Amino acid sequence: MHMADALLSPAVGVTLWAGSAAVGGYASRKLRDRIDDRLIPLMGVLGAFIFAAQMINFTIPGTGSSGHLGGGMILAVLLGPHAAFLTIASVLTVQALFFADGGLLALGCNIWNLGIYPCYLVYPLVYRPLAGEGRRPGRILIASVLSAVIALQLGAFSVVLETVLSGRSELPFGAFVLLMQPIHLAIGLVEGFVTAGIIGYVASARPEILESVAAARPVSAGVPLAKVLTVFALLTLFTGGALSWFASTHPDGLEWAIERVTGRGELPEAEQGVAAALKGFQEKTAFLPDYGFKPAEGESTAPEAAAPAWPGVAAGTSASGVTGAVIVLALVGLIGLGVRFAGRRDSDSTP
Amino acid sequence: MSFDAAYFDLGRLDRLSYGETVMHRLDPRAKVIATGLFLVTVVSFPKYDVAGLVPFLLFPVLAAALGDIPIGFILRKVLIVSPFAVFVGIFNPLLDTRTVAVVAGLPVSAGWLSFASILAKFALTVSAALLLVATTSFPGVCHALRRLGCPAIFVSQLLFLYRYLFVLAEEAMRIVRARNLRSFGGRGRGASVFARLVGILLIRTLDRAERIYRAMLSRGFAGDLPTLRNSRAGSGDLAFAAATAILLGVFRFLPVTEGIGRFAQGLWS
Amino acid sequence: MSHHIIDFRDVRFRYPDGTEALKGISFRITHGESVGIVGANGAGKSTLLQHMNGCLLPSAGEVTIGDLQLTAGTRREIRRKVGVIFQNPDDQLFMPTVFDDVAFGPLNLGMDEAHVRERVESALSRVNGLALRNKPPHHLSAGQKSAVAIAAVMAMEPDILAMDEPAAYLDPRSRRLLIELLKTFRHSKLVASHDLDLILDVCERCIVIRDGRVAADGPSAELLTDGALLEENHLELPLSLQRR
């Protein structure tokens, strides 16, 4: 699943953008030094291939629902980690720009979730050891399935983390995880099988193709294990640290928003109950390493504190916020129509 | 979305992006930066703020009007990609039921506020992304990225992807049509057929990459992709960027919506 | 004027999978000649063409272009003189706009921007493609793409032009325009094609390839009217010569 801008906070979004951009820069430098020229058109065209392949759906046996190819693993197998990472990043960029699938701000998150894990973690640590030379279909199958499952689990879990840390959604961590992981387990299994199928087909129909592609990769296509783990650990710490610093004491602005909606400068006393709930709520959104995340049962306190209907607001009083919103909408609409109309008049009058 | 529909939608947005309006003529770097600022600003609104987001509609509406992009087209694409955000967001009103206001006699819970905020942010951010390409063209955005510091190898690769996207999508479409003509009910559309079809597509793609490389070599390619045409940013472009930044700041930090509302209420009484 | 002579001496070529595509090809083309290469599918036409600019190197025998013998080291230099237009225009237009594609060659030749622009303008105008300069290739029709692919090669002002099925994707009108264009190209031309009428129109000399070898080499007017010869090589008389 692609992360959306609307669910992100600037802190999480920018941090992951920085992380993805840093890795992208690293991959670019690695490639620039030892690239075989033919990799440049190859990467682009394979990106287009993934795109086209994603447009084809297939029915999943037993469920009747339709599936698509993600493509991260197959790119890693074909191109090696650095080139595959850039290719995945480019596919996601095109998706964000052309299909608005995953926002532009969330692009950093999506590149991280769908690119880092397959290319820099799963491919060197899981796929290559298991698949070996890549000749035996059995080993390719096991390697593909395991790789896809793990990569997708990591990706899905990251989406959960990013959403919860952004604090825009009410979904509690536990429930979200329980929702995302099993679905992506199934998707991962299918992806693994399909990936193995594709590789197997190409290997049997045109074996020399895979070899010539492999020959185009930078010489040390493998990434040394220790380096991968260190880098990954550092990035995780950095990400987690930055996010927690931002998220810990940031008020969610409920009080302030209430005031703006109702137009009242002060909060009447009767919302003692609500204020108490607010504080409890804030505590729960705080990110404390040993605390973990909001437990699912924590939510039961919120409905209790649901105060009775807001006192002091007479029925029929329209809040200035709502009024203002309506007027602004109308204004914006008028401006838009006006500009369009003016534009058309201009083009009509020009010869 | 069906394959054909997705393909033709892609084509439509692509064709719109080569227009000649005043929006299209703005320097791509200015538009990329403006979009980036817009996104960060919108997303920075706190969880329950809805009113503050409303003025931001001005940006996509104005961009679409000036750029001659049909609003209905944008709206439809926003709707198509909304499921994930709606699915996650809908839990807000379900889980967060504290009543915080009464509007026109109806109680409004905090959850609905935050859900509305998510939806508003979603509409704004998605339309901003679409309008960026719609008024700049994909190669334009790529050139902007390169001049803003993106690694050349990534940008070259993006451009190749874009160039062959339509070609490969067409090939895939032909393969899909052939499959659909020969599959009945559920048979023939399963995963193993898919793997074979994609395998065929992959082989053709790799062969094509080889031919492209051959053509590049034949015209003297030696590893670096040559670039021309470094357009300069004019004063108009700078003005656009500055005006956008200022307006974003105003909308973000001043209570514009409330102010207008209060003003109107004052007029009434 | 030796630098425009094309000399194939007993050229053999074997593909990595073992297929022997060329089994001893020999011919000599001098400056300004227009030569058609005809033959059945699989006879070796495309393989031969790819030796013209070093996309393939001979397994045995010698290819000499001008003063240079074709080797891995000399092919870059040879590519400055020999322009090859391949069959599928989509594979040859890989830049974001038509202008970029036509400028690709001159830029790689090291020319400065002003000269590059000149070359692009003149090449595009020769194929009636100036209006297309800012369009992305995927917005072009097949005929337009072929025209631009030709312009992209001509912009390098090669001394020798080699083409593989140049009219394959063209409608009759575009094909006619192409024939006219080719007639204006004064340097040596090598055209591999099934379109015997085109060969008859454009090339005064013709080489028939069969099974990796030269089966016949002579004036087009003679070879392409020899029904028996053509039939032996899985060919037919040019359509314009067939009686209805």
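Chains here go by letter, A, B and C, matching the order in which they are written, and residues are numbered from 1 within each.
As a convention for this text, a residue touches a chain if its C-beta (ideal position, glycine included) is under 8 Å from a C-beta of that chain, and two chains touch if they have at least 3 such contacts.
The model shown is predicted, which means the values in this text are computed figures rather than measured ones.
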| item | value |
| --- | --- |
| Far-end chain from chain C, centres as C-alpha averages | A |
| Middle chain, criterion being Cα centroid separation | B |
| Chain pair with the higher count of C-beta pairs in contact (B-C, A-B) | A-B |
| Rounded Å distance, chain A centre to chain C centre (Cα mean) | 49 |
| Chain A-chain B separation of Cα centroids, rounded to whole Å | 15 |
| Inter-chain centre distance, chain B versus chain C - centres from mean C-alpha coordinates, in Å | 43 |
| Multi-chain contact residues (two or more partners), chain B | 14, 159-160, 162-164, 167, 208, 212, 216, 221-222 |
| Of all residues in chain A, the ones touching two or more other chains | 41 |
| Touching two or more other chains - residues of chain C | 94 |
| Parts of chain C lying in touch with chain B, wherever the complex brings them together | 50, 53, 55, 76, 79-80, 83-84, 86, 88, 90-92, 94-97, 100, 103-105, 107-109, 113, 116, 134-139, 152-153, 156 |
| Of all residues in chain C, those that touch chain A in their complex | 16-17, 94 |
| Chain A to chain C touching residues, read off their complex | 41, 208 |
| Chain B partner contacts - residues on chain A that touch it in the complex | 1-2, 4-10, 13-14, 24-25, 28-29, 31-32, 35, 37-38, 40-49, 51-53, 55-61, 64, 67, 69, 86-87, 89-91, 93-94, 96-101, 103-105, 163, 167-172, 190, 193-194, 196-198, 200-202, 205-206, 209, 213, 251-254, 256-258, 260-263, 274, 277, 299, 302-303, 305-310, 313, 315-316, 318-325, 327-329, 332-333, 335-337, 339-340, 343 |
| In the complex with chain C, residue positions of chain B that touch it | 14-15, 18, 139, 142, 159-160, 162-164, 166-167, 208, 211-212, 214-222, 226, 228 |
